[in-house]
């Protein structure tokens, strides 16, 4: 049972990691990397480390995502301030 | 093309370096001798139920002190990098700005005290249940983030943050020195009574140290979040 | 007996959670999905925790706090998400768009 | 079995992270690759501390000290990973702030357009 959960979550993590590296949209990639952390925190609970799971859930999937999104919104605001569109963001 | 090949070679080299690990690692029934002695001795010696907390605060206490210092350095670095960026070219065209809706403001007002109390609960109970200074500090930083997003808090006072951080860091070192003076060594928490395992006042100075770590981490991460947040351009 | 009732309540709650996940797949646009994923999960998880209160009566204060937390945060966060999606211009799949109509009467910049 | 699966998973995440770090050109994606590498290393450390059927190293009424010695996982990797996660957030924030700064200076988010440090 635990083994099946481990394999399921592992495959989901790998898929989310691939999405994070290869998706077209940056916000999707950022959210996918948050999903990787969230699934990792489930695995930490399975492996008897609830302290680490709490930290990973609070930091890896919440604060890191927020920090990424803040940085991305700053980059976009710099790009939108440029009059010409030579500042390329995608 | 060459670069792609090079990265592929690097990944393959990583796999080769990992291969002995795959071959030797298996399910073990025992832990290392050091961990075994921690598991056997730590609850009686320190009176703290959560062994991860004992390791972080006491056995690897100096590590944690250095780690909090690294966090401080990173937080200062983020503020430094963004302090130049914010004022140089901002304000030419106001960013389109949507005030948070009334529901969010009211709900944040209801939730914020709960979140802060929860964060304090996590780091005060760090020696009894999973959790501790780092987790509690992060919860407090998330509360600060919610307050910033909901507009409950428009400007974070950096003076207050640095005072909090300074006091908690100095308190951390002071508690460590007290351990050196009154008990076995630097950061030895046994100068306060260890108490009974499972009660709130147990573990000697572990709750004190972890609360200080919690305050410090909360202040540092709030500083990072506040520095990274895009300033609302006010005309 | 108490255990049986608690288990049944938790089962009903998980059925709601299942329906929510079904709605997340089947609904046509973002707002409908968000509504399915919020209303049903709020009720579902509250029911699951209420069932746990009956199964484990000794830890009821924590569970009641959890119910309160879910009751407060889940609709709020979904409201904020849906509103920001609307501001970002995610298309509405149905014919009516009440928020755009409500904002149309208010001059630019004063939209609350 | 569980330890081996977690080790393989950790290795795959690390490999994906290294691959992303090397092959992507978008700065944000490079930092995402770094955080994947981070997660992989953390999983690897937790896998080293695991013992089969292990419980969390927390003393409770049900398990006495003898139960801990015979059945709890290694607390040291947990403690190390816990601090490493917090440091990881700080490092990620620092890298992101440098990325924003770099964009503000060079007006390009792609790393191969930035020729300043190229040799």
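Letters A, B, C and D mark the chains in the order given here, with residues in each chain numbered from 1 onward.
Everything that follows uses one rule, which is that contacts are C-beta pairs under 8 Å (C-beta built on N, C-alpha and C of every residue); 3 or more make two chains touch, one makes a residue touch a chain.
Since we're looking at a predicted model, the values are computed, not measured.
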item	value
Between B-D and B-C, the pair joined by more C-beta contacts	B-D
Rounded Å distance, subunit C centre to subunit D centre (Cα mean)	32
For subunit A paired with subunit C, centre-to-centre distance based on mean C-alpha positions, whole Å	23
Intercentroid distance (Cα basis), subunit D paired with subunit B, Å	16
Contacts with 2+ other chains: residues of subunit A	49-51, 55, 59, 63, 67, 70-71, 74, 78
Per-residue multi-chain contacts in subunit B, two or more chains	50, 52, 85, 89, 130, 134, 138, 221, 224, 228
Junction residues of subunit C, two or more chains touched	none
Chain-level touch network, classified as line, ring, star, complete or other	other
Every chain pair meeting the contact rule	A-B, A-D, B-C, B-D
Subunit C to subunit B touching residues, read off their complex	69, 72-73, 76, 79-80, 83, 87, 109, 111-112
Partner subunit A, residues of subunit D touching it in the complex	1-2, 5-6, 9, 12-13, 16-17, 19-20, 24, 26, 28-29, 31-33, 35-36, 39, 42-43, 46-47, 49-50, 54-58, 72-73, 77-79, 81-82, 85-86, 88-89, 92-93, 96-97, 99-100, 103-104, 107-110
Residues of subunit D that touch subunit B when the two form their complex	1-4, 7-8, 11, 14-15, 18-19, 22-23, 47-52, 56-61, 65, 68-69, 72-76, 78-80, 82-83, 85-87, 89-91, 93-94, 96-98, 100-101, 104
Subunit A partner contacts - residues on subunit B that touch it in the complex	50, 52-53, 85, 89, 92-93, 95, 130-132, 134-135, 138-139, 141-142, 145, 221, 224-225, 228-230
Complex contact set, residues of subunit A against subunit D	2-3, 6-7, 10, 13-14, 17-18, 20-21, 26, 29-30, 33, 36-37, 40, 43-44, 47-52, 55-56, 59-60, 63-64, 67-68, 70-72, 74-75, 78-79, 82, 86-90
